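The same chain A turns up in both complexes below, where it pairs with chain B and then with chain C.
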Partner chain A sequence: MPDGLGALLHDAAVLHRFVDFIEEYCKEQERSQTYIDASGLFFRYVEALASGIKQELTKEITRASRFPKRLEAVRRNMLTLKYFLRLLHELIKPAADAHTLTIPAPLIDLASQQLQRVDGMKNAQIVILLAPEFMYFQRPHSEIKVEARFVASFIPNALFPPKLGFIELPYSQGPNFFTNLAIYHEIGHFVYEELSHSNPRNCHITDVESSTMRCLKRALNKEATKDPESYAFAKKIIESWTQEIFCDLFAIRLVGPAFSFALIEMLGMLGFSKKETIRFSSSHPSSACRFAEHLNMLRTDSWWEAIADIKADQKAILENLAGIPRTSYALYLDDNDLGLHSLVTEFLDIVVPAIRNLVRNITPSPRPAVNRFKKARSNIENCLWCGVVPYATTNPPDPVSIINAAFCFYLTSLPAVIDRFEGTEAARKIETHSLWTKRLEMWTMKSVEDSQIQERLKDVGDKYKNDS
Partner chain B sequence: MVLCRKEILRRMRELPVDNDGNLVITPLIDDKKNSIFDADSVDLRLGCHFLLPKMLDQPFFSPDRSSSSSLHVPVHVPLGQFLVVPAHQTILGATLEFIKLPSDASGVTQNRPMRVT
Partner chain C sequence: MTPMDFQDRAQYLSLALFSQKVVSALMEYVDENKGKELESSLAEALDSLVHSGRSPASSQKVAAFSSYEQLRTLEEVWSNKDRLKAIRMIRKVMSAPKDPKTKALANELIELFSELQNQALWNFEQPKPVSQKVMTRLCQMA
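Moving on to the complex of A and B:
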C-alpha cells in the first residue's frame, strides 16, 4: 500500500459513513412526511450529492492506490466536500423539521407563486427551515451556490437547483398564519441577493449601488473616506439599511398592509421600547423610519385609502411611528467618531428614493389587487363574521384580498365574533381569544388554499381547452 | 324531507351567508360534464388531511384528553398524490370542502365504494 493511502482510506471511510447517513436521513424524511416542492428539490439534491460522493470516493481511492501522486489531489477534493457538507448540514435538519404539518403551506405556496412573478425571479423557489431562534431570517445562499458549482465539477450528477432560497421561521410560529406574513420580508432578502449577483446586472440595482456611493461621499468626512476600514464599515451599514427598507417595501408590494400589521405584531411580541423606535443600528434602520416608508408606499399604492375606515390600534401605531419627524432619528454605534452622524440624513435623501424605484420596477403593480380587495372585503368579512371559510359563489376571492380582509377583521372584530358565538363572559377569557384567533387563521388559510386549488384547476382546464 | 338539487342550489346561491337557511359548500369545484350535484345529494371530495391509527404510547388505554391525541398520527397528502389504506384498516379523512349547514337541516355522509380489480 502506498504511503499515506491508509490514512486517506480512513478519512474516506469516515466521510462515506457521514454522507451515507445524510442520504438515508433525507430519504427517510421524504418517506415519512410531506414537504413543499422546494424542500423536496433540496432533499433530492442532497441525496444525489451523497450518492455521487460515495461513488467518487470509491473511484478516487482505487485511482490513488494505482497512482500515488493523486493522493494530494484526492485530499484537497475531500476537504472541499467536507466544507460544503458542513454548510448543507446546517440546513438539512431545519428543512426536515419544516414539513407541511408544521408550516403554513398554503401561505408558502402563495409566496412562492408571487415570487416567481417578480422580475428576474422566474422559477425561484424557497426552502423553509424551522429554527430555534425567535426571529425570521433569510440564510444567505450565495456561498452555497459558489461551493455547489465547484463541487459539481467533480460530482457532475449533483447540480444545485438554481434560484433556491432558504428562509427560517421560528419553530413556535410555524403553524401560525398572520405573523408568518413576515416571510415576505425575508423573501425580499433572497430577491435582493439574487439581483445583486444577476448577470446581466439589473439596472435599478446598479442605481441603488451608485446612490450608496453618492451617499457615502456626502456623509463621510475626508479622513473617513480615505481610511478603507472606516469606508467599508460605513458602506456595510448603508447596505444593511438598504436591504431592510427594500425588503419591507417589497413585502408591501406583494401582500399589502397585512405585512405592516404582521410586523407590528411581531415587534410587539419581541417587545420594543420608545427609544428603539428612533434608533438606527448598524444593521437596521429605526422602526419609525421603516414604518414611514411603509405608510408612504401604502399611500402611493392606494392601499391606505382602501383601509381608511379600519379602526385598529395597529393602524394607529403605524401612523404614530411614521409621524415621528426624521430629525429625531438617531444613529447609535459603539464607535461613532467617524463622522457617521450625517449618514442617516444622506441615506434618507439619496438612497431611499432609489430603493423605492427599484421595488416599483421589479414587482407587479398592486392596483388590481387593491381594487379586488375593495370589492371582496365586505363578503370576506361577512363570511368570517358567520364563522365560515371566506368564499364566493361566482368569482372566488383572490388570496391577497383574503389575507388583508381577514387581518383587518382580526384586528377589529375578533372580540365581537367571540361575543356572538361564545357570550360576553367567554369574550373576556384569554384562552377563548387565543382559540378564536387560531380558528380565524385556519379559515383564512383554508380560503387561501381553496383559492389556489381553484386557480390551478382553471389553469388545467384552460390548458385542456387549448390542447384540444 | 330530503332537500332536492334545486333547493340545495337555491340555498347555496340565493340566500346570503348570514341567513339561517343558507348552505355553504366551499370550494365548489363543479363542471357541467361531471356535476357534483345529484338529484338529492352533493358529491364531496377527500381533502389533504388524514388521521391514521397508531399504537398507544403507553401500555394501557385511559379515555382522557391526552389519549385522544395519541391514538392517531396526522398525515398531510397533497392534492394529486395518493394514500394507501391497508386492508381492514380504518382511517379518518377530512373533506376538501368546508360545509356550513342551515339551522333547519342536517347532513348525512355516505361513502362511494370503488372497487379496484
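Moving on to the complex of A and C:
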C-alpha cells in the first residue's frame, strides 16, 4: 500500500459514515412524518447525492492507489465534497423539523400559490425550515445551486430540483399567523435570486443591474472603481440594499399593509431610536428608508386609502418613520465610522426607482384585492367580533382580504372583544390577551384555509363545466 | 434577511468546487490521457480569470471570481504574475493538448488550482471579515 493511502482510507471511511447517516436520516423522516411537497423533493436530492458521494469515494481511492502523487489532491476533493454536505447539513435538520404539524400550513400553501403566479416563478416551491434562531431568513439558494452544478459534474445523478427555495421560521413561531407574514419578504429574496439567474433574462432585473452599475460609477471615485476588491464590496452593499427594498415591496404587493404591520410589530420590540432608524448598514437600508418605500407603494396601490379609517399605533409609526427626511440617512460601515454617503444618495436616486418598476412588473396588480378587501372587511370583522371563523355562504372572502381585515381588527378591536367575552377584569390580564390573540390567529388561519378550499372547489367546478 | 455567514461561506465553497472541477479534469488528462472534461473546464477557468483582471464594472456572468469573497481568495494565493501565467498556460494546454510538453504545463496548473482550492477551503472553514484595506478606502471617501 503506498505511503499515506492508509490514512486516506481512514478519512474516506469517516466521510462514508457521515454520508450514510444523512441518507438514512432523510429516508426515515419521509417515512415517519408528513411534509409539504418541496421538502420531499429536497430530501430525495440529498439521498441521491449521498449515494453518489459514496460511489465517488470509491473512485477517488482507486485514483490514489494508481497515482500516489495525487494523494493530496484526492484528500482535498474528499474534503470539498464533505464541506458541501456540511452546508446541506445545516438545512436538513430544520427541514425535517418542519413537518405539517409544526408550521402554519395554510399560510405556506397560500404563499406558495401566490408565488407561482409571479412572473417567472411558475412551478417554484418553498422548503420550510424551522430554525433555532429567533429570526426569519431566506437561505440563499443560488450559491447552493452553483455548487450543486459543480458537484453534478462529478455526481451526475444528483440534480438539484429547479426553482426550490428555502425559508426559515423561528421554531417557536411555527404555529403563529400574523408574525409569520414575514415569510413574504423572505420569499422575495427567493424570487430575486431566481430572476437574477433567469434565462432568458428578465428585462426589468437587467434594468436594476444596470442602475446598480450607474450608481457605483457615480458614487465611487476612480481609485475605488479600479480596485476590484473595493468595487466588489461596494457592489455587494448596493445589492444587499436592493434586495431588502425589493423584498419589502414584493411582500406588500402580495399581501398588502398587513406585511408592514407585521414588520413594525417585529422591529417595534427593539424600539425605533433616532440613530438606528436612519442608519444604513452594509447589509440593510435604514428602517426610515424602508418604511418610506412601504408608504409610497401602499399609497400608489390604493391600500392606504382603503385603511384610512383605521386608527392603529402601527399606522402612525409607519407614517412617522416614512416622514424622516432622506438627508438625515447615514451609512455606517462599522459602529462609529461613517461610510460613503454618496452610495446612499445615488442608491435612492438611481436604483430604487428601478426596483419599484421591477416589483410592479412581476407581480399582479393589487387593485382587485383592494376592492375585494373594501367589500369583505365589515363581514370579516363582524364574524371576529362574534368569535367565529370568518365565512360567507356565497362568495367567500379571499385570503388577502381575510388577512388584512383580521390584522386591522387585531390592532384596533382585540381589547373590546376580550372585554365583551371575558369582562373588564379579565381584559387587564396578560394571559387573557395572549389567549385571545391565539384564538384570533387560529380563526384567521382557518378562514384562509376554508377560502382556499372553496377556491379549489370553484376551479374544479369551472373545469367540469368547460369539459362538459 | 439572509444569514450572511452562510452566504459568504457558500461563495468560498463554490470556488473550492470550481477549482476541484479544473484540477480533476487536468489530472484525468495528465494521468489517464482522458480529455472529456478538459476543454469545457479550462474554458470556464480562462473566462473567469480573464474577467477577474478586467474592469470590475462589467456585468458578464462567469463561473468564478465575480464575488468579493472569491476575488479576495484569489488575491490571497495568486499574485498578478501568477494570474497572467495561469492564463498563458491554459491557452497553451487548450491549443495543443496532444503535444507531450503540454502535460508539464498541466501539472503546473494543477499546483496553482490546488493552492486556490486549499485557500478556499480554509476560508470556508474560517471566514474572515472584510479586509481593512477595503473598509479604509470606503470610509476615507466619506
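We adopt the following convention: the second predicted complex is superposed on the first by the 384 of 468 C-alpha atoms of A that agree within 3 Å, B and C clash if a C-alpha of one lies under 4 Å from a C-alpha of the other, contacts with A are read in each partner's own complex, and residues count from 1 in each chain.
Going forward, a contact is a pair of C-beta atoms (placed from the backbone, for glycine too) under 8 Å apart; a residue touches a chain by one contact, two chains touch by 3 or more.
On a predicted model such as this, the values are computed, not experimentally measured, just so you know.
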Exercise. Mind working out whether A:Arg75 is in touch with chain B, chain C, both or neither, as first, second, both or neither?
Key: neither
Self-check item: Which superposed partner A:Asp450 touches (first chain B, second chain C, both, neither)
Solution: first
Quiz item: What is the contact status of A:Ile144 with respect to chain B (first) and chain C (second): first, second, both, or neither?
Solution: second
Quiz item: Looking at the overlay, does A:Leu340 come into contact with chain B only (first), chain C only (second), both, or neither?
Solution: second
Self-check item: If touched residues of chain A are counted for chain B and for chain C, the larger one
Solution: C
Quiz item: With the two structures laid over each other on chain A, which partner does A:Arg439 touch: chain B (first), chain C (second), both, or neither?
Solution: neither
Exercise. With the two complexes superposed on chain A, say which partner A:Arg360 touches: chain B (first), chain C (second), both, or neither.
Key: neither
Practice problem: Give one of first, second, both or neither to describe whether A:Asn382 is in contact with chain B, with chain C, with both, or with none. | Solution: first
Practice problem: Could you say whether A:Tyr83 touches chain B, chain C, both of them, or neither, answering first, second, both or neither? | Solution: second
Quiz item: Residues of chain B touching chain A in their complex?
Solution: 12-13, 16-18, 24, 26-29, 31, 74-79, 81, 96, 98, 100
Quiz item: Inside the complex, what are the residues of chain C that reach chain A?
Solution: 1-4, 6-7, 9-11, 13-14, 16-18, 20-21, 23-24, 27, 31, 37, 52, 55-57, 59, 67-68, 71-72, 75, 110, 114, 117-118, 121, 124-125, 130-131, 133-135, 137-139, 141-142
Quiz prompt | In the complex with chain C, residue positions of chain A that touch it | solution = 63, 66-67, 70, 72-73, 76-77, 79-80, 83-84, 87, 90, 133, 135-140, 143-144, 146-147, 150-151, 153-154, 185-186, 189, 209-210, 213, 216-217, 220-221, 223-225, 227-236, 243, 282-284, 331, 333-334, 337-341
Quiz prompt | Residue ranges of chain A touching chain B (in the complex, touch as defined) | solution = 34, 99-101, 105, 379, 382-383, 385-389, 391, 393, 396, 443, 446-447, 450-451, 453-454, 456-457, 461
